[in-house]
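To start, the structure under review is shown below, and the notes come after it.
Order of writing sets the labels: A, B, C and D. Residues in every chain begin at 1.
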């Protein structure tokens, strides 16, 4: 990556918990008031990779809410996601980021063709790049999970999709995919950090390839699923047959509320279930719940109960409880992804960056879910950048 | 490995829970009344490796107690380690194994030089090989954990050691190491499945190399430590700084009683601690307890609490509870190790088989503790046999 | 209670896990091959209460399946609920109990008026009493949980109910309530051990009072709810405000299958939720799940996560995991209930036995859910019998 | 209690975490910036008891460290025990409390007879009472746990004790007991909130009775032991035989450091063990650990594993994890105890206040450990004040 180049990170859902924590973190890293804990790209293994520095990254984004970033950050500090001293140190910087946030697309308030909305989103990204003289803008979706997206024939074919987008009577793309479309039209790499449709529609993937743009997704792997992809290979390697793997997730925050809607939760549950089946086969009983427990605030707690069979049929079990701040787990990965995608884009890579599967519950373009193997692939790939 | 060759497995501690379960398992596998669950060597990854078949393995061993194998097996069935139907199916076979068990070495009852004791043990192994026309006998120590062994200069030098062994006034080797010495003198590969000194003394390792014999150890990795070597690399790969990793082990059975002695427990605790420090560094607070809880019978339960620091210093934690039958977890690994060591010996390998680190808490000749890496090494090594 | 009197226990669902375990237990107690562990009525606190002895109890019942009791008991022994030696000791006795089991009522196979079915059930109970010269027969429902019962006006009024029962075109009572009706018509006290409607319908309760018969229910309190009614008062007594109490239940066995049906599960979930609200108020977030996990067999595991607020708003939490054999927890309570109800009936008590709330998730005629208070009430009441 | 009367609370260890949190809490309650959560005495059950109001209580105390209360409170806010807004609201009030803290007794720095030290401590308490025109001063020991106190004959007899105290060559009382002696000489009721010897020595108890002073103790019941005394009676009431009850406590803060010393930890472990034995008998295997895990800060986590036997010998288990801020759990109880002891003193009670056993692991003058019974006794006793 040429020296002095600057890269933009454009966050869809820029005022949410994850985006706010990422902004606080980037400013804190730049100010030297925190270390690189939680940032994969800061590990010694990646010391030689030509990644952009913290000073080379500029934040902006879309959102449909207008709570000032500073207020959101104060709430997160109060909830214990980071310290009040960190908040104080980055307060003024947050106002600058705030000034780079534009109104996002909302199907309920938009009138006219989706193409017009997309053009507006694209223009926002381009203007951001121009304002800051950015070599590129990496778009990352960290907005609320959408309900599963009904399949339409236009999702398969780019020409048909663009024709439909131009029709004011139709709304063929969910918000996440409209954002992905707009990003690609702006020449931006795209990262889908949620289980929403985003860039996963075939027509959009073709567009990315045509434009020579890299992309990655889906659904950041930060807690229960991370553990599952670490533990499941252990059972396989030791010939221990997993018979059931039950899970319950308790979460507060906005995420809890969003996922309290059973239709929306389904997106997340499906994304989680796919990994387990890929690792252990389809014959594992695997009930899974996501509960909205507002009083937990920004904390997420998962309990998993794994029942397995060993030698001579012996029944044994493993239980774990994982308790973490969802935003603190996700935010550094946003920065990591932006850095790795930047290096890939600078290096001329396009299409699905399968080696970034390390970061995702449902890795695009890859069926490797085993975490250790994903780690090895990431390290090897990054080393070759 | 030439066809029709038969291999002996000579178990030190042949009447203990692990050995008995291994015997029941081998007989059950041979009889087709159980599948290969829990047996690593039965995984598809090893299908092409020239391992001895279940019919090619013959069991014998040393022990200092005289409880008939059949009675011990009945107790284990009663305790739920395996079903009564399995027990019934293998009952008569156990009597045959019983007939191949000889009196072990016990420092309290032995008189005369340790060399004489060793010669007797060696003769037992050779006679077993002759009786059954065995191509080799793999000796595996599954006897009770010994107290840590005080260092003596003779442990460093084979000549000095043999001189001391010949002196009736001295007892320079702990039981496990005397057994290892006797095994090597009998031309047998040796596996140290406990945290006892066994073959780890430099003089014995030199003897193994001189005799062209392979060996492996130490201390089977079956539960809490297995999980630690699976989970710790996840924290590292995600740049999550582990601050403390506390553990408590509750165990009944003979193992619980042995390890209730704090001096003996130290062997186990040191073996466990080494792995964690190797994986995460020395600055992790890691209190660790082993409690004797007789009413748990053959069940072992471990609780671990891991506190870690993420992005912006966020404190989070993981807890797990692992509940298993220790014997059911260990026994198949005994069969696996005997098979892999047989193939290595047949293939002319000698010295420390570092690729078998997969099976051990404290892998001899290797400082690789990460389980996924150990798995990959084992598969690659076995594939080349 | 007059000496020499004998009491029958008539189990609805007499071939189920709970009933079978109760039968095995009663026979084992009588044979002296087990102690009174798990039997509340055997505690010293009740030593002076005129309860029937184990030899004074005779078992019979209704069921709609025909698996021999002996076979079911063998399965339970295999699943670890009790030992094989217990099973062997009671095997022949089980055949005698088996001979006292009659076909139960099943709405799908019954033709004709429900009154006819009830008459047949009543006749079965009376014949049982005659055959064994019983002073009374206590009927206990331990059959599968039914879906919540839709409210009908006939449930309020006994005359209207009996008119409807006589109408072949209608089926106004769920199976459990038909059984309760038949029991009362046979002059039998009735215990509702499930969350099904049973005797809870006002018309039936009036019938019981009119006939001078005691009854008790609903829904045996054996695991998660038991703990909740023990722990919730602690939080209250210490002025610790519970903010959320999340629960997940994993169960195999027939119960798991029955409760995998969300409609049926609702009966159980409602019964569980009522207690928590009664203890802690309505403003506690309390998601609750019941999952069918067949590989757990007869084992039931519950995980609860309680988040509470203390001094100066400090947030703290308690988690527990309860792992038990559902049948082993429920079965002795069946025997206890039969004994206590017998003493109450002999003592001339009728109507809801509120002091037996100790045994139930949803105590009939009482809103006291606190376990310690229930214990004190039971002891005081029994002492006065 | 006469209106307008003011009561002093004199804390031994006035700059520790518990004392500081109590001070912050009292000031916050007085300022109306927090509710009475965690304060037992604020429950409706005690609404009619003549307890002193928050405005009627004045804080002072002894300590051997000099860290300003304000600084300690800031650390506790940073550690999450209470919010920064609470800290800001009480900051100035803390300086006033700070001005009422005097140097405590430390055996290592004191020269001369212990009687002289006691006289100085007594004078400090009296001067405090005079300065603030207090009707009484309740002394509460919340200083660090001491090592178990060796038994001396002087501990049995008051005259012998006072003779020994006057001897400059001897040091017959541990610090906690010297404080208790000084308190009684100042006419103060005394509460022993730690497992140290304090007032438990027979000579001191006699002194209290002679002076007509009430006292209470020992060792605040705030976490693991609280749960044990809630749960153990459940097992008993259900005739479930507890076979083992293992516990591990992880704690940071100063408490963790103090209890990392095995000799000191013994005081706490003995206090904890006594309760369990009293509740369940002596035949329960009950290993118990306290580990110092500094990175946990003010958080205390306990894991307990209870194995029990039910009907027909079925083995089942309960595990729980309790995670709380030790100071937030203990501090309100200090205020509660001061209020209840005040009312008792005003009402003319003296000697051991056994009804306060509700608050203690090792209740002085009572062998009732069952929490529900303790609750009932407290409510009844307070209602009669």
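FYI, a residue touches a chain if its C-beta (ideal position, glycine included) is under 8 Å from a C-beta of that chain, and two chains touch if they have at least 3 such contacts.
Since the structure is predicted, the reported quantities are computational estimates derived from the model, not experimental observations.
Chain pairs B-C and C-D differ in how many C-beta pairs they share in contact, with the greater number at C-D.
Overlaying subunit A onto subunit B using CA atoms gives a rotation of 180 degrees, to the nearest 5.
One simple way to say how far apart two chains are is to compare their mean CA positions; for subunit C and subunit D this gives 44 Å. Centre-to-centre, using mean CA coordinates, subunit B is 49 Å away from subunit C.
Multi-chain contact residues of subunit D (touching two or more other chains): 80, 83, 309, 319, 321.
Here subunit D touches subunit A in the complex through residues 78, 80, 83-84, 321, going by the rule given at the top. Every residue of subunit B that touches subunit A in the complex is listed here, in rising order: 21, 24-25, 28, 34, 36-40, 42-43, 80-83, 86, 226-227, 230-231, 233-234, 237-241, 309-314, 316-325, 328-329, 331-332, 358, 370-373, 375.
Across the interface of their complex, subunit B is touched by residues 243-244, 246, 248, 250, 285, 287, 289, 291-297, 301, 303, 305, 307, 309, 315, 319, 321 of subunit D.
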